[in-house]
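Order of writing sets the labels: A, B, C, D and E. Residues in every chain begin at 1.
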Amino acid sequence: MTDAVQPQVIPSWRRLYDGKVIPVATVLIALLILWLAGAVYMNSPQLIDQYKRGNVEWTFGKLVRDSWSMERPILPAPQQIVVELDKTVLDKKITSKRSLVYHAWVTLSSTLLGFAFGTILGILLAVGIVHIQTLDRSLMPWIIASQTVPILAIAPMIIVVLGNIGLTGLVPKALISMYLCFFPITIGMVKGLRSPDVLQLDLMKTYSASAAQVFWKLRIPASIPFLFTSLKVAIAISLVGAIVAELPTGAIEGLGARLLAGSYYGQTIQIWSALTVASLLGMLLVWAVALSEKLVLSRMGGQAA
Amino acid sequence: MSEASSKAVIEIENLDLVFQTADTPVHALADIDLTVNAGDFVSFIGPSGCGKTTLMRVIADLEKPTGGHISVNGMTPEEARQKRAYGYVFQAPALYPWRTVEKNIRLPLEIMGLSGDEQKARAARNLAMVNLEGFEKKFPWQLSGGMQQRVSIARALSVEPDLLLMDEPFGALDEITRDHLNEQLLNLWDTTKKTVIFVTHSIPEAVFLSSKIVVMSPRPGKIIDIIESSLPRVRNLDIRETPEFLEISHRVREGLRSGHSYDD
Amino acid sequence: MKKHDYVLIEFLFLTVVSFAVPVGQVEGVSVYWWFDSAALILVLASLGIGFFHLVRGRDGLAAGLLVALGTVLGTLAPLQLIGSIETGEILNLGYRVFLVAPGLWIYVIALGLLAWRAMTLLSKVADGNRLIALAIPALFGVWLLYLWQVITTGLGIPSVLLPSPGQIGDAISNNGSTLYADFYQTVVKSVLSGFAFGCGSGFLVAVLVDRVPFMQRGLLPLGSLVSAVPIVGIAPIMVMWFGFDWESKAAVIVVMTFFPMLINTLAGLQATSHIEKDLMRSYAASYWQTLLFLRLPNAMPFIFNALKINSTLAMIGAIVAEFFGTPIVGMGFRISTEVGRMNVDIVWATIAVAAVVGSLFYGILALLERRVTFWHASYRRAK
Amino acid sequence: ADELTLQLKWVTQAQFAGYYVAKDKGFYDEVDLDVTIKPGGPDVAPAQVIAGGGADVVVDWMPAALATREKGVPLVNISQVFSRSGMMLTCRKDMGVETPEDFKGKTLGVWFFGNEYPFLSWMDKLKYKTEGADADIKVLKQGFNVDPLLQKQAACVSTMTYNEYWQVIDGGLTPAELTVFPYEDQGVATLEDGLYVMEKSLEDEAMKDKLARFIKASMKGWKYAIENTDEAAEIVLENDATGAQTEKHQKRMMAEIAKLIDTENLGKLNEESYNRTVNILLAGDSKLVISKEPEGAFTQEIWERAQK
Amino acid sequence: MSEASSKAVIEIENLDLVFQTADTPVHALADIDLTVNAGDFVSFIGPSGCGKTTLMRVIADLEKPTGGHISVNGMTPEEARQKRAYGYVFQAPALYPWRTVEKNIRLPLEIMGLSGDEQKARAARNLAMVNLEGFEKKFPWQLSGGMQQRVSIARALSVEPDLLLMDEPFGALDEITRDHLNEQLLNLWDTTKKTVIFVTHSIPEAVFLSSKIVVMSPRPGKIIDIIESSLPRVRNLDIRETPEFLEISHRVREGLRSGHSYDD
């Protein structure tokens, strides 16, 4: 015999549990503990070595404290990163070259420009592939091959060549970022523009609609969910591309330059805080795309992607 | 089999259609001869896979025959399609999920370039016809399967074509709703003098609606019987109990049975 | 109604125009096509074939092959000329370089149109013909390489900036053993192990986490966090942690490939429809039976998606990671070192190897995918 | 003012103080020049930049410049700023390295990207094989920092007297725990930071004049920097767009840089040093860097003009 | 309404089911009382959305009721499911596309751990039952919709359950095939003495097959009539012309009509 399972008001903690807040927090806390332990594990050999050479008396407590506050740790403790972020994000004027906000802004601008270029290129390629049989047959393998070329390797040459024809500053960086991020958009849009089924296309045919009408009234709306899925992937890649592109431009400014400078001087904490800002920026960008996706899709009837 | 061709809307002679597939070719239609006159209500009936949909698609120029002749309004099907000579109701609703009910109905009207006011008026009128007033702003997934199918009927009607092609439009509906829409359709046909071509699996439905019933059999798809209905043009549901009705039904069933093979 | 073939007409027009202007200089004096009889014959051959096809205007395999032949003959003409006469140096002349040999460049553009026509003709007959279906992208690739060759040699681009395909080819054949050693270090040691470990662990974690929705909701947002971490940031850290040999490169690859696999596998495991799951429930199938009989087969398209994405990520990851400390072998090492040594041809040779290996890797996975997920809607035709 | 672009070999730091000082103090303005200074980085090959027309003058090391010349990019030295080499191999005593004989079987960190030539010549001189399965020493392509030494992944790493050596010290090792092998002491020192232009620039009289003015102002900048090391370091810091450099480190670097520069005939290429560099690179049978005596790889003409 | 519970296979009392959805809760089943005895052939009929599928799913333990009691073979539905007490034919075929027809039929048998030989034998037997010999090695997407549905019937039969739950199994088939399978099913039911619960939209089908017809109405889904059939257990298709048949049909239609509202 089955007894009734009564529906009831869902308490708010339950909603947090079923939502993302508590799970993410739990995983984060678990990671934090792992991280702290890892910091002790990875940093202590060097410390013990130092103690020995300096003949310092040490206890486990001291070891733990010291491994969380080394100047050049192998793995910095999270609080060290927080302190560094506090110094470089909150304390500095955002126009200062020592402010991470300034560097994040530099990276963000080439990210966004590259993302815009990549989106345009990606969509144009997809439109070509879907509408022109010859492009469909000839282009795809080369688009895939293009992504197997290690961009970091040719980035310096691209920068030099572009510099030679008078393109410097933002544009070369954006072009490198574009090179990386157009790919998922092309793939997604080809899928999306081809997603209308035979029936939906036949319907248009019975209205004897023109190719342009089929494109704007059927293919484009049908591809929107695919477009956004790709855009979310692409914007993260575009950020990575912008950071990569900063290295061969002389690594003057931007998060990539910070990463490199930190790496050059063995400033682990600086690397990690630049990485943290980069990841947060990436998440923010993905989130922004997801938000616009929600808005657009809800206007389009809220169909799932 | 052909009749006074002055009023003929559709003339099909000796039509053949073979699908080339990866392995073996499929002979979907063979030796089809059929004339449909203005104001006819023609039903195609036959087992699954006998080519009803294919024949309808040939008329609509969605499929090219591999042999024989066909004319629609005296033109090739392609010209007729380009003149927007017909409205087509597909076997599935085929609504665009990103458009509201109203916007879906307005889609063909937009494409034809009608004015906004005219579009609105026609959408409202045809939604009423299928009993869906008040659902204008809903999206397709917010409707049940039957309601979606009714929207797609309204969409085809809004084009106001003289020729209406309907492929199992009522398949997804329960019996009561179906009866209701059958009456409405018959009424529409009678008042507007449209020509209707209709596919169904249901013998009573075919007999109730049609002025002419085309019975088909598969492999290859061909016509095995064409029955001119002796029922009056104006009918109501009660006619289904009359002996004439039962007699026609019987003839259709016999035709179906004779053309049936059990391997599908 | 017959439509005019404007692409071909344009080709003929441009080719004729190229006769009216210089195609290069010899000791400062402009010369024309008839300066070099071999080149002249080749150009005239392409012109003739183009004209013949325009007049006949028929489609089909033979026509496609004929136009392709015309293109190939035509492409030899500029190559023939560039070797024997001056066509300008871009670093000295800037954009004025195009005034040295305008006829040459106009003809190259015209050839582009002819090549395009050849590809469109072949595309029309490519359905069901595997050889031609493969030939079209190959033709396109050859065309790109050809353009590269003509532009680098014709415009005198210094090889320290961009070597020509010919020079790259020479570099490949002259440095075979080095390139093989690099391939072994980077692909066999780093990429394969990192790829296997990253994809494997992503898959396993997905299967485990799938049972615990709580963990899923916690892990997935972190996925987007990690996917935004640039490799140039991870690589130095991994070198610090795992040493400078291949282990650190594999570790970078693991970090890069783990989350795409996790996310895709999870999505795949959840892609089963209600009715399919209900069927299993109605058989009172155990969790593992449901996994084995239903959810894993169903997840295969997703898993292959991740494998394909990861294959390109793995190649790039290994190469980039080698920029940050390595033993003195490996493709990334070679690229970063030879740029500094001005051996740009070896750099491109290595890039070419990377691209070929990467594309092969991808291709093999795509073939395997076809085999395993033959049943998926995207692979079956009709019905 | 005439425009001129200078490509540095590395990121903005006191190693290039002279140019920043000259710009900051208006020395370039005095000679009617508008100089753009492009910082370098790990992936920037100055020779490639100048070959691509991205700069008029580059700062580079002589072995790389000579090798590039052989590859068909005709670089010419117009002024040699650093008279001595600052390169060293820094080793840990606790890993058993006291003399060059101890290198055998050890892992040594080396910079590549054209900076490996002096090292390779040295190893060649010592008859150590560095490549292949039977290599005598294991060479590691050192990244941007000295971590491999601090973490004992390598017994020795390459360091500059003015930069990485101090990172080792900051990393917690004391000079007593280290063995250093300055290339100068090992007789394998090659010339480092010098100014190079493309041969073509020297065919044009106006360009030559511009270059002479550039050398003149730059050397004035270097002189000022050597006399005011702390102020020079601060000027460098102001010009560092990454904001990652520290004052302590740059001041120390500036002081060390000053030791590498002869203030007498500042910027003049010493032909003896040039010949020594060439001989070191040509020595041994490996012909790793250059295969024949270079010709026209330097000119004193510009420097001499700059003295007027 | 409940009867001698000694032979009762399914007993439902006062059953309620409310779906919690994002906006408003849906009252899918209300106050359901029903007893199914061993050997019964029970049909559920009613308009779309009246809860036929839901009720069947509750019996199969695929849905938990929110109120009332239900027992299957004297156990909770969950226990019954775990004992593999029933075979279920879903409204859609639900075949796995990566398995051949034969492998699909063997799926439940593999899960039950039967021997390979036994699996083979049962697959062959049941494929024959639905007239699909020779299609063993085909993949589902190589079959027409009707053939797929027949495979899914064969799969459910191969489990050889005493209780068979069938949700519109013949919906996708044309009338002739349907008639044929109706006869086969009736024959199977008669010879094996199985208990069958059957959902359909078709009044003649319900009347022809059932020993008991349950008429339902929507919003909330409830039972409005239970008709015990007076037809003999052994029937053939001709019985559809008899007055008893028409009378029962009439009663079902009346029930349906009374419970129908036009807003769907």
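Just so we're on the same page, a contact is a pair of C-beta atoms (placed from the backbone, for glycine too) under 8 Å apart; a residue touches a chain by one contact, two chains touch by 3 or more.
Every value quoted in this text rests on a predicted model; they were computed, and no experiment measured them.
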Min route length, chain touch network, chain B to chain D, equals 2
Ordered by label, the neighbours common to chain A and chain E are B, C
Chain clusters (touching), chain D not counted, are one piece
By C-beta contact count, C-E versus A-D, the higher one is A-D
Cα centroid separation, chain A vs chain C, in Å, comes to 23
So, in whole Å, the Cα centroid of chain B is separated from that of chain C by 50
Rounded to the nearest Å, the gap separating the Cα centres of chain C and chain D is 38
Expressed in whole Å, how far the mean CA point of chain D lies from that of chain E is 86
Contacts with two or more other chains occur in chain C at residues 161, 236, 240, 323-324, 336, 339, 344
Residues of chain E that touch at least two other chains are 144
Contacts with two or more other chains occur in chain D at residues 42-43, 45, 48, 52-53, 143-144, 147, 151
In the complex, the residues of chain A that touch chain B are 199-200, 202-209, 213, 217-218, 221-222, 224, 300-303
Residue set of chain A touching chain C in the complex reads 17, 19-20, 23-28, 31, 42, 74-75, 133-134, 136-142, 144-145, 147-154, 156-157, 160-161, 164, 232-233, 236, 239-240, 243-244, 247, 256, 259-260, 263, 268, 271-272, 274-275, 278-283, 285-286
The chain C residues in contact with chain D across the complex are 91, 158-161, 236, 239-240, 243-244, 322-328, 333, 336-337, 339-344
Interface with chain B, chain E side, in the complex: residues 47-49, 131, 144-147, 172-177, 180, 201-203, 253, 256-257, 260, 262, 264
Interface with chain C, chain D side, in the complex: residues 42-43, 45, 47-48, 51-53, 64, 67-68, 71-73, 110, 112-116, 130-131, 138-144, 147-148, 151, 153
